[in-house]
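In what follows, a single structure is set out as structure tokens and then discussed.
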Amino acid sequence: MVLKIGVIGTGAIGQDHIRRITHSLTGAEIVAVTDVNKEQAYTVVERENLNAKVYENGHDVIEADEVDAVIVTSWGPTHEEFVLASIAAGKPVFCEKPLATTAEGCKKIVDAEIAHGKPLVQVGFMRRYDKSYRQLKKVVDAGKVGDPLMVHCAHRAPSAPGFSGDMALTDAFVHEIDVLRWLLNDDYVSAQVILPRNTRLADKGLQDPHIVLLETKQGIRIDTEIFVNCQYGYDIQCQVVGETGTANLPEPSSVTIRSETKLSTDILVDWKDRFIDSYDVELQEWINSTMKGEMNGPSAWDGYVVAVTADACVKAKETGGIVPIEMPERPAFYDKLDAFIKA
Amino acid sequence: MVLKIGVIGTGAIGQDHIRRITHSLTGAEIVAVTDVNKEQAYTVVERENLNAKVYENGHDVIEADEVDAVIVTSWGPTHEEFVLASIAAGKPVFCEKPLATTAEGCKKIVDAEIAHGKPLVQVGFMRRYDKSYRQLKKVVDAGKVGDPLMVHCAHRAPSAPGFSGDMALTDAFVHEIDVLRWLLNDDYVSAQVILPRNTRLADKGLQDPHIVLLETKQGIRIDTEIFVNCQYGYDIQCQVVGETGTANLPEPSSVTIRSETKLSTDILVDWKDRFIDSYDVELQEWINSTMKGEMNGPSAWDGYVVAVTADACVKAKETGGIVPIEMPERPAFYDKLDAFIKA
Amino acid sequence: MVLKIGVIGTGAIGQDHIRRITHSLTGAEIVAVTDVNKEQAYTVVERENLNAKVYENGHDVIEADEVDAVIVTSWGPTHEEFVLASIAAGKPVFCEKPLATTAEGCKKIVDAEIAHGKPLVQVGFMRRYDKSYRQLKKVVDAGKVGDPLMVHCAHRAPSAPGFSGDMALTDAFVHEIDVLRWLLNDDYVSAQVILPRNTRLADKGLQDPHIVLLETKQGIRIDTEIFVNCQYGYDIQCQVVGETGTANLPEPSSVTIRSETKLSTDILVDWKDRFIDSYDVELQEWINSTMKGEMNGPSAWDGYVVAVTADACVKAKETGGIVPIEMPERPAFYDKLDAFIKA
Amino acid sequence: MVLKIGVIGTGAIGQDHIRRITHSLTGAEIVAVTDVNKEQAYTVVERENLNAKVYENGHDVIEADEVDAVIVTSWGPTHEEFVLASIAAGKPVFCEKPLATTAEGCKKIVDAEIAHGKPLVQVGFMRRYDKSYRQLKKVVDAGKVGDPLMVHCAHRAPSAPGFSGDMALTDAFVHEIDVLRWLLNDDYVSAQVILPRNTRLADKGLQDPHIVLLETKQGIRIDTEIFVNCQYGYDIQCQVVGETGTANLPEPSSVTIRSETKLSTDILVDWKDRFIDSYDVELQEWINSTMKGEMNGPSAWDGYVVAVTADACVKAKETGGIVPIEMPERPAFYDKLDAFIKA
């Protein structure tokens, strides 16, 4: 029993997923691929020695008889279309972020999934699968620091080639948006964005860093520094402050060296090294649960919440004020999925 | 050559200073004391075996011929009066915080000192004398993390017996107000106060924790968590984020123990243990510089700035908005004093 | 293309390997099993839903046509027999430690493998596959601490139920014997064993802790504390001291908690949690290389060296003296295998 | 009431002590000095603005009426003579290490002091006054790691200009000899010295590093790496392993910096920075107790034990064997002094 997967989009992340499913994970194989650059799709099939057919386009992959489940790793603006088509075909679909480029697009997917009647969509928020975040959640859920009151975060990257406009919020911070509400079993009610003195080491015209302040329904206050040209390394920090103590996200473990009057450990540079294991766990758990007819990762609803929250952050940045985050109640349809949040 | 000191107020902190000057420090002796509770003043003189006269009141101490310099450790509301009297008498005065209970009071002292023409007043902000803050300042001033963009702080105490109203801002946070502008060689332009979900472990009706956001002239953004009922210990955190790196205030060093499935170090409980060495350094440096006719610790101007900033924080808490901090230019009179900031 | 594996011995570690090959790893399946307790073998086949035949005994498994490769996880004293039979059958064999219960037994296997002419045997020393040891080796091989001069190790377990006699040396310390010569690309020339004051918390009559001193050909001195009733947790420490610096084996990463006046992280209790990932990597790499007709893990020669060294340690413990470790030159046959040591 | 001190020897350490007594400590003043280089003595008196007479030689200092107590910081080979003269004069004497250059010399001092009938001699083993060793001792004495079974130490210096022969043992390791028996409330029964592969970065012909193994009366085993050309910094490590846990000597606290892909803290380079505070505490406590007619620091007996143990280490290095350390029982005379060991 093997899950037969069709992949739409064979760019960098698509190739990564193809490789891990083929060479590292168990229980699935790639049987169909496509890409806007068809040549590249053929190259990948050959190089990875896949027993897979190259299709004309995403819709053909989705409709192919041999395809049990779909992975969408194409260009962001096409995600919505392929996810909707997968739902229409009744096939489970794993979609890399963003679920759609607008909150409205996400909402359409949510509506379509509910209308279909069975959960099919998982969004690629891999931090929930990161060992260190899971360790932190376990500690917090066990009450080892009491009820959470505040969370202090930092999201730092050495540089951000190609970043422009609000991408620090819409591309980087979205990971915190997803993982923190999962971590806290909570939702957001307002956002504020503070613009510190700008680093001179970012691309011209790019604001960097940002500080985002989020408030949750329970009144928990989250401050996150997003600094995507921090120079020194890729560094994700998270400290939960509860009524009786604090808990810090574990740092990646590393050799401690004493040399040249310094006691030091390495800081990672590449975000892929930080979360590489998370991708493996994420896809393996998706394969396993899909085989069992279940769906318990980040849902279409989660993707929608992230989109609405990110929109509020962008607006807060523009206005300098505190922007309320208004969201409909979570449909009962999604309650049963939320294995992590319930657990 | 010994500095002869008169002490006004022999309560807890007054007794501490008397003991350290008499038994630990060098170059000074206590020759005069007073207290509203005169009985207590006599007891202290006897117990510490001082060669000191007990006076009727603070003014008598200040005017006593044998007194070279004055330490004011009486009840806060009396500070302004005794500092002004010391200036009038032309005697150096070390005043525990607050310099005065209002910004106006502080301003009067500033004006009197300038009118007198010679700096005489030092305010007891001891964190500038703390070894760990000095280590941090040295690193930041040396440019090891690049130009500062943000500072993340936490000021936590296990409990705050007797705290009420805005004391978290006016009694606890004032230390950050002073030490951070010294650390950054900068001044504040606005304040905002955020009220997280309240701990249930504080006295009824007391808001705890607070998050205070300060903006400096250079655009540096400071966020400080003040949590005075955090239960777990007395814990002062400060991280400076610069253009190329971050620097953390050193933690007090402690034995690392492996026992019962934990690797652990002790966290202090009592703030006095955290800053006890700072008080020694502070007073010894005050004695030494006073003997040389200098004054280079926290000045009356610094005390005034703290008062104005604390007032803005209190207003920001009440209004929920961003409150501008407006301050006259620093009088040239104080420029030459600022050994630390210049250094 | 899948590697078809026969497993001899379905006790605890045998079941672990069956589970990981079936549910976590890729590229192999269990097709044959046996155990002295045949009932148990049937239970495992059923519970894990294996498509595997239960054979009468190990020899039948080895000779079964459908079996490409053999895993030996039976009772220690039977290892030698089944490994020799696998070599006779020309089938790759992964044997849990010990390779044989005597150095002579290991030597017989080495001789048989050389006579066969093709490397077939891998011994289950999983620490070489541990991420933290690999990080440490990378640092040392890169010369980041200069040429190694000394290594300080500790091997601690909370308790050692069932340990008696010299098992601290022959069961626990053997892991250090293997991994340290791999880490240092070196071999041992002498051993000394020191018996510290005994803990009162071990089983009656059991010496605990031991300190073993090893000297390598290059003159590197290794001291290892082996303390199998240390109470506080399972804790593996290793520090390499080189000419210009030191490098420490990374600790397992864990949430840092501030609570009840302690800053703490968890220490593991169970050795399986410490090395669980190593087993996965070890078996996956064995499957992958076996599929390619290669063999590059710990070899029969490595198993033999460990046996000779452990014998020297036992003798050193008995005599209290410094015991030379004499070993024939490594046969050229094994030179080409030593991917790790060469790398 | 001020302790009037005569200093014999105004070299580096003599000047340090003069400075700290004059400018940092309280309760004492330097009233007499001498040095083989009399010119230097005059220079020091003038530079430090001392109200002190320069004497012809050490004996004149000792006998001077105005001298209450003596500090011996002259060339090592002269210590014995001046300490004996101080005892003869009935004056308290603080002698830098070594107490005498031979165990016999130390024994003569012990005998003279006992004959005099009142403890007068303190030896300058400053580690007992180091805050971090005191923290460690407090933890061990409180039983937080159970009864000690082993101690792992490292004594590393970046380089050792002028070191030759056995100075690593007689000059560096003597500090561990003293502080570890104080830490453990125990005495030594045997020594062994291991010579690891030599660093190429030491002076030609100098063995470096050494590993010294000591056994105590209680059977505690101590291993100490002494590596005086370790390049990377001055680094003192000590881990006590007890029946239920381990405790590590605290590291000097330092700013944690994230920069250039490293998380790092500074390691000290100069041993004086490591123990500067200890010297202050040591001398202040000596002044205070001398004023009270007490003596509770490292005694002449302690100096003698260190000399005997260091001799055994030198012999163990020569012979390669395990050398017993035989010592007479501690005279009852010294029992009452041993405030620290008893405490």
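Letters A, B, C and D mark the chains as written, and numbering starts fresh at 1 in each.
Heads up, the rule we're going with is that a residue touches a chain if its C-beta (ideal position, glycine included) is under 8 Å from a C-beta of that chain, and two chains touch if they have at least 3 such contacts.
These numbers come from a predicted model, not from an experiment.
Participant: Going by C-alpha centroids, which chain is farthest from chain D? Tell me that one.
Facilitator: Checked the centroid distances; the maximum from chain D is A.
Participant: Identify the chain pair with more contacting C-beta pairs: C-D or A-D.
Facilitator: By the number of C-beta pairs in contact, the winner is C-D.
Participant: At what distance in angstrom does the C-alpha mean of chain C lie from that of chain A?
Facilitator: 38
Participant: Counting in whole Å, what is the centre-to-centre distance of chain C and chain D, each centre being its mean C-alpha position?
Facilitator: Whole-Å distance between the two chain centres: 45.
Participant: If you average the CA atoms of chain A and of chain D, how far apart do the two points sit, in angstrom?
Facilitator: Computed value for the inter-centroid distance: 59 Å.
Participant: Among the residues of chain D, which are close enough to touch at least two other chains?
Facilitator: Residues 231-232, 244-246, 251, 258-260 of chain D each touch two or more of the other chains.
Participant: Looking at the complex, which residues from chain A come into contact with chain C?
Facilitator: Listed in rising order, the residues are 23-26, 131-132, 135-136, 138-139, 144-145, 244-260.
Participant: Chain D touches which residues of chain A in the complex?
Facilitator: 158, 231-233, 235, 251, 258-269
Participant: Enumerate the contact residues on chain A facing chain B in the complex.
Facilitator: Residue positions touching the partner: 146-147, 149-150, 152, 154, 194, 196-201, 209, 211, 213, 218-221, 223, 225, 227, 230-232, 241, 243-246.
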